[in-house]
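My questions will all concern the structure given below.
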């Protein structure tokens, strides 16, 4: 199912900051990367645990980053962005797919020459209170990578440390203090100084400022901008904060349940997005200082990555889900029918539960008519639909459910109300040379 | 939406913590007015004391913390009727802190409710969610019916297994509340344990629990922090809807200026235990007067305009240790506009551009007519100064 | 709930594996001994010939694997071999004196819990008060006093000086003469239960203090729950779970202690039997007691874990 | 080895906590008493002053008649067992000075405790750390092994091991005496080898459990992942990051185990399975048969044990409060 995304070669637009130097502009290429977790810890449990559930944290992700560029990865918790970042650095074993840094296969590079690889790519962590060893002084923390790679003698290392600590905006006399004596922002600066110690080409930042206060976050964001230019760094920034992504990133990838649903230049994705999920994300961010916005919400229940929905994984929450062919229905009517179908299919709605709800709303359980109207009301389905065939199928299902046969109600709905978004995985549609979207709706509109 | 009448008038509230390093002034002489059916937000960074303010209102401060000063005037005519202590009553308003502890505690969960930032640690992990909400419903029903529940009642409940604190009706009411906050399949979810809920769903369950006795006043302590964008938006929508339907006043405590823009009618900016600026949210965010508020706004990356450069506030939040607190304005050594008179005396309170509902505590801010307001910065929108029984000034 | 059933199944499987490990370890221990068991059994002046014959009929000359399988096969059916000294079946000897040990262990467990849990709660509730200070002192004393010395001091003061309790022995069972049985039980129970009581007191006190500081207790007060209900259902139930778990693990202290206390009070339990067997190098008895105690300990801890998983399902997942 | 930061928090807690000071004083007196036993002891602990047996401690005892059987005739003789300055704490049945025996007994206890402690710390920390850090199969196998050892009560297993291995007593020459500094004291002291091995074999599991729990919690900290991204090998990570951060809780539990070991050692010698007579437990056992008359023979050694163990427990509390308040206590 992993479609190999072949990005158009050649320089992808002038990277924002650094000058195009001789070596190839592409630094990192990821193709069809997958990372699945088996859900069974320990020896004994394998003996007695039969079902081996697989959590598909990263499920076929492909993209590339050019030298000096900042690619942002945004998405909600459970979308796999953090797992992606850690798999890229070899902290997790990839289940499938390939990652290449400066043209060399990362997985193989780590097996053969781990230290060589770590000289190229480094990591900045989210939680400032847990990314520094509490028992070491700042000098020892920042010098440690230099010691491990025995870069020069002790005094040469100390010189580098002192220079690094000034670069990240701390003073040299703080070097002999312990992390416990510093504020969150200062500790994050030490983390950055440490990552710069090995002079890497790629810096992966996992939510670098989400644990910090607003004013401290601003200091760190500006610091990151400065060091990117000064150390000629390429960034991969993981964040759930769209304003941070907009501020720092040249390009951005939007992830949902282990897949990249949209990738492109930040400007294009933020201003002319075509993917319903990205639109929903952008619309739910409360605007500072804007007061007349009508915020509309999508279904807040995020499916679990253990068994993601089939086809386009966003179809269970997508306001623009495509109705089945052959029905002429306004989108709102179709959406309420679809929600009813999903509830029945997933078992959230059964005859017993309906009776229970009816009882709680003081309805007579055997009065079928009352129950049907109650059902229609709770899903916002109007009494008469514009499309007669849809109307009859729906009525059959409702009557079956009200009469207590949940199974017949389910078969009827599953058979007649299948959205294309459920059946096939959306192919890639390039709505601009470097702006791709995985969405059936967009695919159809560009044909 | 200026409240027709104020529900709560907080005057000179101070809460301190005694620690080894010394006395911490978490909340330092706070005055704030909350109108009926109004959403007032306290915005501030960590360490500003905003959470402590919320908990002080709910009388949830436990040793080593104590509320050392301040009055909390709560408008409730039927409560005022029951209080015989003259100094504690002023017309319809009752000073909660002058009430006997038993009466004050009876307001918790009935007139006042609170929801917390991390629902995972605010629910008891060994009881089902339905049961815990039912307990809240039952507790309020008994308080309103004036029944007390002592150790003897507890022993009787333990001894007779079928008898339990929670009655059948309150359990059904709990399931209804879960349905009210749009949790799908509420009957089954009520029987599940907190660790089986997602973050967003558990936060909704906590809101359901707070509605157990349809309170008049809700303290929401960082209700959306740590939630994903779409779930956060759902929670904000739910709060808006509940506030409209139940005409409930909400004290929204957060560090997120976006959440404030969407929800809050009025906003108070808090720093190092003091209020720096209070006013209608539109005014405070679009015409910020206090340098700290300006600093906060400038350090926010703007999602709509990436090219806008952000200027961080230099330095760090001061420790709130009593012996280290500066005489003058506590933001002086980080403030770009600081001068000597900032450091010599506490900042005066002045209206901004002549509008008394938008006040600022800063020497260099506010209308330069030098017009000092006697009322503290957090006073309410009504310009006419009400006669406050005990003389309160900002010094 | 599938996760709970899964947790119990996994816990039982682990328990069976550990019991198998216990029995195997006990079997292997014997081979550490430098002296040949046959020599111990045979009379002093036995000739090499008689020793060899004894070896044969005890099967000691068989290869170790055969001995092991034979031992395990019989152990599973409850046959733990024959005592060298008295040539009676080990199992029946153990079953004979087990009740006396269980009585004492159970009595001291009840004594420990009855004092430590309430005292732990009170001193946690009134931290820094005189009660808290006093009970901490007692618990420190209890933790630091070897049970045999405590036993002797009690005998010295309560029996010898004041003659309140008999100095030792267990002449009558509870059915034969209840008052004498109780009189004889008092001192050994206190001696055996004191260390355990001190331990439980500390854990209860620390557990209650830690739990009372948690956010969900503040939230419970915020929703208007009456204080007694918060103390019982919220603070107590959650702070007792870890105490029960650690108490289960610490039961070894109680059973170990009974060996000494039984020796001091000449209490006819498996403890004094163990000591007698040790003195006469009667290895099968030692082996039998070790197996019974080890298996019993594992079963108790499984029960404790299952109860805890029932009380707090989140435990089942961690 | 102890970082500067830990030293400051220890001192700060000590100043504010008088009970901790009492603990340190008690423990120090135990250590000094044990180390300089030959000098401090007024008499040779094994020397029997047959004429001065059954002498009460100073301030106790009385004159009374005692009927004694001497070569077949019953005679009543006046006996005077009042305490004298030569034997401050009195003498036992064979006239040996109780105070000297107590000092030497404390020395045995301390030697056994420190030996067993170091063995258990080494074995327990190594197993616990690797099992906690690597997790997965090694972790579950080690934990089952630990469960098996835990299944046997410490005293029972120690007795069984003693029954098997027999009393391997190691005679350790006493440096103070051999160097001629002190005369008229035993030149070498019996060290109960089997008891040390038996105790270590049961105590190490408690250390392993704590080490594993600490390793598990440290392993999830981000500075460990950071070390891995720097290209450090697992061994380097354990040595530079996991071990130092686990050391404090392990040492704090170590002190609690020290107390448990002393109680175990005295119980074993009380039951007569120690391989050395110079032990507090042994003296208590001797005194049991004279409870009616010379009660002090059994009481004095017990007081020394309790004092030593109280000292150690208080030091354990002091370390826990100062360094890492959330470690759960619990002995073998």
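To keep things simple, chains are lettered A, B, C and D as they appear, and every chain counts its residues starting from 1.
Just so it is clear, a contact is a pair of C-beta atoms (placed from the backbone, for glycine too) under 8 Å apart; a residue touches a chain by one contact, two chains touch by 3 or more.
Note that the coordinates shown come from a computational prediction; the quantities given were computed from them, not determined experimentally.
The fewest steps needed to get from subunit B to subunit C, moving only between touching chains, is 1. Taking each chain's centre as the mean of its CA atoms, D is the chain most distant from subunit B. The distance from the centre of subunit C to the centre of subunit D, each centre being the mean of the chain's C-alpha atoms, comes to 22 Å.
Rounded to whole angstrom, the centroid-to-centroid distance between subunit A and subunit C, based on C-alpha atoms, equals 53 Å.
In whole angstrom, the spacing between the mean C-alpha positions of subunit A and subunit B is 33. Taking each chain's centre as the average of its CA atoms, subunit A and subunit D sit 57 Å apart.
Among all residues of subunit A, those that touch two or more other chains are 44. Among all residues of subunit B, none touch two or more other chains. The multi-chain contact residues of subunit C, meaning those touching 2 or more other chains, are 14, 17. Those residues of subunit A that touch subunit B in the shared complex are 76-77, 183, 185-186, 213-219, 221-222, 240, 242-244, 246-247, 266-267, 270, 280-291, 293, 295, 297-298, 300-302, 343, 348-349, 353, 356-357, 360. Of all residues in subunit D, only 3, 5, 136-137, 139-141, 221-223, 225-232, 236, 240-241, 244-245 touch subunit A in the complex they form. Within the complex formed with subunit D, the subunit A residues making contact are 41-44, 86, 89, 91, 114-115, 117-119, 121-123, 125-127, 130-135, 144-145, 148-149, 178, 180, 191, 194, 198. Considering their complex, residues 214-216, 218-226, 228-229, 232-234, 237-238, 241, 311-314, 317 of subunit C touch subunit B.
Across the interface of their complex, subunit D is touched by residues 14, 17-19, 21-22, 25, 29-30, 32-35, 140-141, 143-149, 152-153, 155-156, 160, 199, 202-203, 206, 210, 242, 246, 249-250, 252-257, 259-260, 263-264, 274-275, 278, 281, 283, 286, 289-290, 293-295, 297-298 of subunit C.
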